[in-house]
Every structure is written in structure tokens, then in C-alpha cells.
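Working notes, beginning with the structure itself.
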């Protein structure tokens, strides 16, 4: 059987095959020489399997798609607050102020533009390795293969890099860039000269979607706070296009590069990558943007899509007979966030248990937010206060801190004990 | 038993009780007279129950919190594209261009600022009712109670409304506002003069979280596309504060008003509302913002939080004996989005079923995205192509369009038939 | 004999007859109906004779050419400092910020743009007469004939005046405009609706050139400080064009109006006026600007032209015999400014008089700046200090305050006495 | 006798002795080490004598005061139009866009800011000498002494010159700077490192006032068009302060430097220079600005001052008897500009000569604008047309091209012939 997901991606390529507007970047020969008709799309879920179509194994320069990953390194090394002092997180609007430096401080607006990325590069800790080597190593870890630098491209970029040097010197003058401007630009340019494939990019994006853990190797490459922050910045600053329009129409944290690539991330779900060298006037791949629009629409990737209201955490409420007593058993499941635990609380208040014994079975629960844990504990304690006997089935000991402050403690049973004790005769509500 | 959620909200009030910076709006006597020490917080999940603490039943003027709802009406009446032609969706940045009108066209930047809201108000269809009555009726439907206009406040706002009149006349001069400027401002001011409580606002926000359906009355007040678009605009333009900073630090679509209220929405989960009249220099409630930060952190409301990767849609794969044949049964559950259905596809490709008969049981599936439906259908058809016998248990007939293009069709069984036929002896994988 | 100046002006019209780019203002019917081929040029020296060519007696609406005169009234009524507090004097640059209001205070940038002129109008004292009547009366005094308002035009301007109303309301909101916005705009529009001819405008400009005194009636219509300030503002803010370019290329304080007129002033020399209804994108008359360029070049009107270095104030130094003594006679002439009196001082220091008696003859001197008067007095006193006898011929008693602080005073002789006493035998140096 | 002008300048120093606000520039040690209490003022008329008070012979770095002179060199070498293509002439306003580069082209706004001066430096022809040597040579010619470079200062400026390098690289990136950015900045910095005295600066300013001719050496260092253009640019762009405010309040083309110097020019009259190291937030010398204000007010230097309307060019009109005929003799004097020749034309038209013979005596005329020459010629020809006999006394043959197109030519007499022929009996009108 052939993968229907691959088939779907092939259709994306077909549906956008007519999009041939724009021109490849031409400020250096290496980019101008790109075959403008190459195109690829790849997708990788948090399970780590990559589905791809088109020229997904062709290499091209990562360019600005290196920015999110260099930023992640800086965030990990310095912490979010320290990085925020040096680089802002505001979108730059419709290229009004082309330099995108804060008029007061000279601080660059965000890390997804050149000025911000140059400063960001210098915030990567170099104690053990040069920053550009660290970026390359991270990209290799993300892609599960050694990523190389295109040295000719890097040399060309440097030779024509007056604009980046100008930005760097201006930032140095204002104090926004502490490091040597020339070295900062060279390092930044090397970051951008990494050679990647669309397949690589999908894996990289999927790692962000997976909270920073490479789904196949299981390596924790970025922390959870780093990923949340990075995604926020990609959502507002990732596309050179107007920020509000991108979020409203495509609705996915993304980043584009003048090499023709775009990556997108749906947190907790999947990463996507597209590639087509022809650029619009903002420097975004024209066909790439169109592919992203189709993917967002077909795959319902829009961050704001409200089609999946959280299911009840209450799998079942049943009465049963245990050790001769009639008991009420509340079976919880899934992830316990506030909106799911709320259904339990709501039920306890609206329909107080008519039995003297209550069992909370959380054996099937996956993740628990601290607020949900606390809310559940307090609910249990409240019932003890009301004179009930409370039993929890909590194999992972997640209610360990449960303390009622009473003589009569909450009892902890194993799942097996509950199953053995359960005499049936009950009924689900 | 007392609700631990209410307890949690009371703690939010306690934790922010020391925040007394800022001053209530004072440009009109009605706002200046507000007791600056009043404060409230309320929360409402998509289940419709409101939890509240503090002065949650005190009325105050809705002010700019009316903007998202008036915008929703305009979107419903005219369609997103038509509204976008008149009002943009770009954040205005750090109040650089204080008028926030596009320098070329005079089009207001977004509907969450005054200029944009004035134009938006005039886009509401008035065939059956004046626009301000329609806004008031929508607010009443959302709050499940009749919402009134504070006529004295409206009169005061109009008497001091030079700035709004100035914006309206300028937009009229540039063609950005087609309607009479005086009437547009009056209607807009009436929208802002509705009297609401923090409890009302939580219900209103929860309706947005619930995809536009009021959770208690079940009335469909806004369409799904309207809600997705509205949430995107709230995410980037809702707080007068810098857009990127809000999304990075709080990460929740929100809107504030100079009356001291702020609403926030976590799509699919819940709506929150806070109230405290003291404002910062941007016009956001100081303590309100602090409460929102705490809520976001405690309740993990950040849009980008990647803590809940989608669970496998594959509940179980087991072999069993049915009608004497060994069969493989794939039991699917939950919402089928692409990233969940992908786990089934992946398994089918990596571990092709070793039996001649395959059963897909989707009786426990909740929502299915079209792409997931299509992918499942194609997978089933692929197996038929490979010569297998395929049975689906699909009580809601969601695979109705399934067509293999083969003589041997996919069989459809009911859940009961499967249960009866299942001879056991199988084992889960 | 026919006037060669008139002939010169006719050649200006011929030389620009081919310039037919641009379109008349068309936002109201009254302006759109203008015959675009009408054209005129007029010139008036500080002697008060008007030379004109073309349709110089056709009436058209004064439009923004009323702004300098309304500004002059406000300056006279309130003083420069008080007016500066309400309206700035900065050019607005290349229409970057189209409203030209100070982002901080809302104060309009200068009085030559609509926002500034609306505020300026409200600064005219209305104790005895409404401001628009006062403007009309001033225009009539300047033109030596009764100037009328085109009431139809004023009505049309008001009916389409959303932009001016917008500006006025915004300025009212920020406190930059204290008066009622509607009344301010109406008054301002009436100022702009005065009907004038090119001949009128040349007389008006010549009055400014003449230091505020109408050259024919001798009436002092504006004070000297008002005129100096007004000319400065016209030099940088008068043309909607870029300020620096106008000063560098034409170099003359000027003002244009959308009626097609432009006035220019060379301080102390003459005023010019041109008329042609076709406007460029800035709202300046295209052919009018070309005529101004030719006039500036041909007539050497550029403010910075350094072709006329000040002549020596020393008409003659001669020795002569008076009352038997050999004396040195210094004959001064012309206007004594510092750079002219300096030549006397320089001579006295370099070539101290070899005689015991010195005569300063200032009978032929026209104007004396206070600094020149003081310098001359001090020079005379210095010579007395050195033991010389000093005689001044000062029929207008301009050295009245002369005080040497010595017993031996400076003597004052009449011209006749000097002539009678002069025994000749001297020689000029 | 002591010079009263020097005394006046000493009083300027006394009157501003209390002004001690501001701080010397401190970005490099060489500037920070300046004695903040040093102060000087100097004045030089177009006659070339320098009057000075205070520390007028102390050397300090010329800094931005080099800009006008480097600009003059570029204008002379390339022509105004070619230079305008590379560097604009617009004031930059209140430091809104701190880089002052045209957002579209990257062209710097004007040559008086760093960006513009860097480009200007590269426009100086280097065929025979490096540009910085040429600037130094020009400064030496202006000051009549060899001007040296402070090499330590230049080295310090380069070591801290990130901002200038940033500007240069950005302009190179946009194509606005064709030359090598590093070399351009180095050359520009050397221009700024010239060591000058206040006395030097007064001579430099006086040369501009004198139309480009050094008043003492008589060397023509800048052409007339260059000077007119340069003065226009200094008038709007010379002070870092707001352009309109400077022109309105001081009204003199000027330039300031962070070394503490300011120069000012009154065209045709004099140059002034002041020095005091303490700077305001714009980088202008605080006490220097105050001295300039006093000088402008006391010496009536304001460009727009209308106190000296042009005197009549008509010195005398008399009737006399020549060769037995009654003749009318018009004696002209002074500079003939249009506004002066107009008084003759006016008289000829209003009071046509009652005699058959007319004499125009222009022997006492100084300068004649072409338009005045033409107008006079045409007037003479008009009289010939009317049948009169016309005699001109024109020792310098300025009416050489006079051609009546008649048989009866205009006669040319020498002054002596007129004097001999004049039989008196006439009377002045």
C-alpha cells in the first residue's frame, strides 16, 4: 500500500504547479543560479516520520531558516529575559522602518530579521565551541545527519554583505551589539550558509512541534519555555509579510528564507516544510506561501481553529459495590487541563455523590497541569471535609502531596485492588 | 463542598491585591468616578459554567471590549474579504503612528482601535435594526441577560468625542469611511456604553472559545470562520500594548477596555475576564494585565504551549477471530486530525497486517477532519487493492463516500455485529 | 515709450507657454471649472508700481495665499511668542506625516498648512470684528480695493470639508485648537475664498517686501518683526514642495495656493505674483513654479546671491583746512550697517589721522543700525581720548546720545558751517 | 584708539559668560579633555579684517564645520546637479529618522549630516591629490595659514567610528555610496580633524560672505553658484536644531560642530564665528548659539530683515543745456538691480522727458544685473523710437550691445565730454 499522506503532498505540488511568479534571489551568483522550477513539500508529525514529495532531498541554503534555531540556542544559553534585553520580539510592520532598530536604544526589533539575528548569534555561548559550529551541530542533531556549510556561498555573502555590516556597525555604535561587528556578521553568514533539504526542515519543524525533543532520537534539544517563546516569535515575526495578515490567513508560526524554503509548526502536532526558489518582493517564496496556505486549510493547522473543544476528562461515573459499600467511581482520562478537570468539579458541585465512599480513578490520565492536580486534590479534600471516605487510584503517585489536614486520610489503592474489590452491581451515570 | 476553582480565582485576586499602580480613565466624569479598588475575575469553560471571584457582578462600561463583538457582526454580515477591504488586521506597534491609518489609503490598521471600530460599526447590516441595537442584542445573547446602554455615559463620551470625530472626518475625507462621520461616531459610542459585569464577559469570551456557540443556550452566534479570524486579530491587535510582547509573554488572544476590563480566550477551552479600573499609559488595566499573566501561567493558557502532543488515534491494535478468520482490528478514538491518523498510516506501512481480514473500528472517534477522513478512506482502499478484506465499523456513516473502485467493496458492520462475531482468542499488540 | 519691464514679463509668459502639465484642482466644481489656460505674472517693487502681463486682472480664489496674511494678523494681535506656542514653524518634509501635527502635542507644524492655518485663524483677535472680516479687510488694504468673498465657493469648500473638519476635531481633542472646530473651519474656509487678481497679489507681496508698509498708501499694515518672521516661515514652509530644494533652487520666500497663484517676496526689493491653474501633485501651479524659477534667475532674486557686497560706507577721506587747522574729513554715505561702518573703523586703526582735528560727515547717511551708530560714537570718543578735536556733521541729530565722558565734548556742526569753513587746499586720499 | 568692534565682541562674551549649560562632547578622550570654559567670538567683513575676542587663537578640531567646505569642493568638482543626485538638500527635522537616509534610495538627506558628508567627501576629485589633502589645502587657503590635522584625534575618531562605518556600509549596500566604505569614513574623519581657531573660522565664513573670494588674498576659492547653493543648504540644514526655528529666530546660514564652534554668514556682508565647547542635546554649542542670537540681533544679520529697501538708482534728474539744446540728464548710481532700475523706467513713463535730448549717465554705477542692463537698453531704444536723441555716458562700455535697430544710433560720450559740453543753466528735479 502506498502512503495516502505522500499522495496528499503530491497533490499539493500539483495544485501549485502553475504558480511561477517571482524571481529567485539574485544578489549573489550562488542563489541566482538556483533552478527556479525545483519544488518540494514535506511533513513530519511528532511521531517523527517524514512524508515528502517533489525535490525533497535537494540541498539548498538554509538562509533565514537558521534564525529560529540560532535564537533557540541563545535562549537556552542566556535565558529568555537576558535575550529580550538585547533583541525585541515585535513585528516590524510593513517594512516601514527598514532597519527595524528601536529608535531609542538601537535594539533590533526581533530575532527573525537580519539585525536581530546578528545580535542573537553573538549571544550563543562560545565557551566550548564557536557559535557557528554550535548552530551547525544543532541543525545536524535536528536533521539526524551531518549538515555542512556551503563555503563558496558564505564567501559570496560576505563579499556582498555591506548591508549586514552596516547594521552591525550601527548596532555596535548604539551599544546594541557588544561583539565585534565584523566577526558577528561572519558568524551569522555562516549560520545562513548551511545546506539543508526540505526533508531536513520538516524534521526540524517537527522537533519544535514536539516541544523541543527530536521525535526519533528522543534528544531534548530545546526546553519547553524556549519552544513556547520561539513559537510566539515565529507567529508574529517569522514571515517578512505583514504579521497580522499572516496570522489571520494562515495562522501558523512560520519562518521563510531567501533560499526559497519555509517552515511551519503546529504545536503538539506537526512540522511542515516547503521549498520553491521564486520570491515575492518581501523575500518569501511565492509558491511556498501558496503551499503553506493549502496545507493550513486542508490540515486545519490554523492556531485559532476552535473545532476541537476539549473533551470531558470524565470518562465515566458509575456506582458500584466495594467491600459492601455503595461507592461512586469517577474515572478520569486524557490530559487534565483546567477546562477538563472543571467538568469533574462541576459535577461534584451540581450532583454531590449520594454514596459515603468516593473513588477517583486517575490511572488512565496522561498529563496533568499543576492547576488541575491542585484542583483535584482540593476537591478530594473537600469531600473528606464533608465526611466522605475518599479513595484514589493513582499508580503514578501524582497526588503524592495530597494532604487533607484531617485524621482521616485519603486512601490510595492500586488499580488491581480496585478491580478485585469491585463487586459490580453498579451502573454508569 | 466549595468549588476549588472559585478558590483559585480568589487567590488570583489576593495575589494581585497589592497592584495599585495606574489611574482610572478620567476623560469623562462617569469613568473618573469609578471606585479604583473594585476588582473581579471570572472564568468560563466551553461547558458554560461561570466561576467568579471579587466584584464580578458589578456593572461597568464595556468600552473597547465591544469591539470584537461588533467586528464579529460585521464579519458575519459582509464576509471576511469585504471587511478586510475596509479595515486592516495589522497591529499598530508601539503607538508610533498614533492615528493608525494607512498612509496611502486612510484605511484603519485594525478593528481593535477606535478608527477601525468606527468603520467596523458602519459595516454592520442595518436592514432590520440599527447597528447599535444589533450589537446590544448580540451582547445580551452572549451574556444570557438583557444588556443596557448607559445613556449618561454615551452622552458624555459624545460631548468629549473630538478625537473620534476627527478620525471619522479624516477617514471620510480619504474615502475610508463611507457613512456619515457624526452618525458613525454616535453608533460606535453607544456600542462602548453597554453595561456589563465581569461574569458577563467571561461568558462572552467562553462563547468565542466554544467556536461561536453560546455554551448554555446552544445558540450559534458566530460562524467558525468568523471566530478563527476574530481570534487571530485579538491575538495581534487586542492589547494596546506591543503585539509581539503580549503574544510571547501571555500568549492568549485578548482585548482590553478603558473601563478596566480585559477578556481572554483559549480556543476550544475557556474564556476568562478580569476587571480593575486603574489603567497603564496604554489604557490597559494594570492589575487586570497582572491577573491575566497569572491565569496564563497557572492555567497553561499559552497558545504555543507544546505540552500536549496529540495522543495516538490508535487506541488498540489486536488480532482476533471472526467468522473463523484471523483478523486485525484497529480501534481508533478521539479526534482524528492529520497528526493522529498518521499513526495508523505509519503502522499500516511499517507493519502491514499479517491477516487477510482487517477491521477499522471508528465508533469511538469524535471529530474527523476531512483530510483525516480522506486519508483513512485511502488507506482502506489501499488494503483492498492489496487483496485484503476490509470491514469498517462506522455507526455515524462518516465513511459514506468510501469508494474503492473495486468489485470487492469495503464492508460496513455495526458495532454490535462486530461484538457478536468476535470470537476472542486474540491479543493486543 | 512702452515699459520694458512689462515686455520682460510678457516674455516670461511666452517662455512658459508650452508648460501644460498638471490639472486644475477638481475637488469642488468651482475650482474644476477654471480655464486651465489662463496665466498671468505681475511684479511690484517697493515703490508701489505694478507691472503685469497676461490675465493679471482676472479674479480667482486666493486659497492658501491667504495663509501668510492671516498669520500676520495673528502675529500682530498676539505676538510671535504666543503664536509659536500654538503653531510651529517647521517644514513638514516630503509629506511623510500627512497630518503634520506634532506627535506629542498635536500642535500643527507650521501656519502654511491647513492644520496650522485653522489654528492661526482662531488666534486673530475678534474683539471688534470677526476674524474672517479682518482678513478680508487686510487683503483689501493690501490690494487697495475691496476684496470680496466667493460665497458659492465657500459653501462648496465647507460641504466637502471633511478633511479640515477631521484635522480641527483632532486638534481640539489634543488641546491644540481651543476654539470650536466647526466655527474655526468655517472661518478658515472664508479666508481662502477671497477673490483676488494677480495684480492684487503682486501688491500684497510688495507690501511684505516693503517691511509691512503698503507702498502706495503708506499704511503700516504689519510690523517689522512680524514681516521678518513671516518671511522666514514662507522661506521654509511656503511651498508644499520640499523646503530645502525650494530654497536652494529658487531661493525666495513664497507661498502657493491651489487656485493656481504663487507669490514671492525679495525683502527690501519687490514682490512677484504668478497665476496658472494647473497643479502638480503637491498642489503647486506647474507653470507658476516655472515662472518663479525664471524670475528668480533673471532678476537675481535668490536670497543667498552674494553679488552685491556692501559698498564702503566711506565715500571720501580728505584733508582740508578749517579755521586754519589741517583737518581730516571722513564723509560717510549710504546705509550704515556693521560691515560698512567697519571700513571706517579699520581705516582709523590702520591709518590714524595725522591731523589734530577730525570731521565725521554723516549728512549723506541713510539708515543707521544701532550697532553702527554705537560703533561710530565709540570711534569718535576714542579719538577724543587720544587728544584730538572731533567735529560731527549730523543734521538729523542721530549721534544725539554721543557722550565722551570728557571735558572736551564732540562738536556738532551743520553742513553749511562746514562748507563755509572749509578752506580747501585739501586732497582726497 | 581701541577698536569699538573688538569692544563689542568682548561684551558679547561678557553677556554670555553665565551660560554654562551642556557638556563637551565626550565620546573620545581628545574632545572630553577640552577646557569647557574656553570661549571666543570673531567677526570678519568682506573687507577681510578679523575682529576677535576671547580665546580666538586657541586651536580646536573643526569637526562638522569642515562639511560646508568639503561640500563646496565637491560642488566645484562635479557641478551642483551631479552632487544633488548623490546627496539631497532637505533638512532632517527634529531627528525623527535618525539615519537621515531617504527610505527609497538610501541617499542621505543633506551634506551637513554625517551620512551626507561621507558621500560628499567621496565626490571630491582625487586626480591630483587625495580628497582629505584637498580639503586641508582649501581650509589653509581660507585661513591664510597652514592648517594641520590632529592625527591622534583622527585615530580616536576612527577607533570609535562604528556609527559612521555603519552609515557608510548601509549606503554602500543601497548604492548611495559608490566608494569603499572604510576609506570614505577615514577620509571624512580626517576632514573633521583639522585644527582651527575661531579667528580662522571667521575668515572662512567671510570668504563665503564675499562670494567665494578670500578677501585678503583675492583668490577665487569657490564659484558664485557654489556659494549661493552652499548658503541655501547652510540656512536649512546647518544647525542640528530644527530648521524652521533657526531660520525664524536667528535667520542666518550657519553650521555647528561638536568641537564647540559655529560659523555664520551674512551674504555680501560678513562672516562670524563663535566657540564654546559645551553642547546641547543636538550637539550645538549652548553658549555659541546664544552668542549667535546676540550677534544676529545686534548686527541685524537676519536674512529677512527688511530694514534696508533698495535706494533709488536715480541719483539725479536735471535739465541742462548742451550744445545749445535743452537736455534731460539722468544720473544713475549704485548697483542696478531690477528694483532700482525700475525707478528710472517708472519715471520715464510717468514723466516723459520734455526735451528732445536725453542723457543717461551710468559712470557712477557699480554692478549691473543683466536684467537691469537690458531694461536700461530697451528704455533708451524706446526713446529713440519716440524720436528723441539719446546720449549715454558709459565709460566701462557696459551698454556695448545696445542696438536700437534704427538709423539714428544712441550716442556714446565720455564723462569728460559731457562735463565740457554741459553749459549749466539747468536744474535738478
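First chain written, first letter: the chains are A, B, C and D, and each begins at residue 1.
Definition applied: a residue touches a chain if its C-beta (ideal position, glycine included) is under 8 Å from a C-beta of that chain, and two chains touch if they have at least 3 such contacts.
Bear in mind that the values here come from a model prediction, so they are computed numbers and not experimental data.
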item	value
Between A-B and B-C, the pair joined by more C-beta contacts	A-B
Magnitude of the superposing rotation for chain A and chain D (Cα, nearest 5°)	180
Farthest-lying chain, centroid of Cα atoms versus that of chain D	B
Centroid spacing, where centroids are CA-atom means, of chain B and chain C in whole angstrom	65
Length of the line joining the C-alpha centres of chain A and chain B, rounded to whole Å	20
Junction residues of chain A, two or more chains touched	none
Contact graph of the chains (line, ring, star, complete, other)	ring
Pairs of chains in contact (touch as defined earlier), listed by label	A-B, A-D, B-C, C-D
Complex contacts: residues of chain D adjacent to chain C	1-5, 7-8, 43, 45-47, 49, 51, 88-91, 93-94, 110, 208-212, 224, 227-229, 231-233, 235-237, 242-245, 247-248, 251, 253, 266-270, 298-300, 302-311, 334-335, 337-339, 342-343, 345-346, 348-349, 352, 366-367, 369-371, 374-375, 378-379, 382-383, 385-386
In the complex with chain B, residue positions of chain C that touch it	98-99, 103, 162-163, 165-174, 181
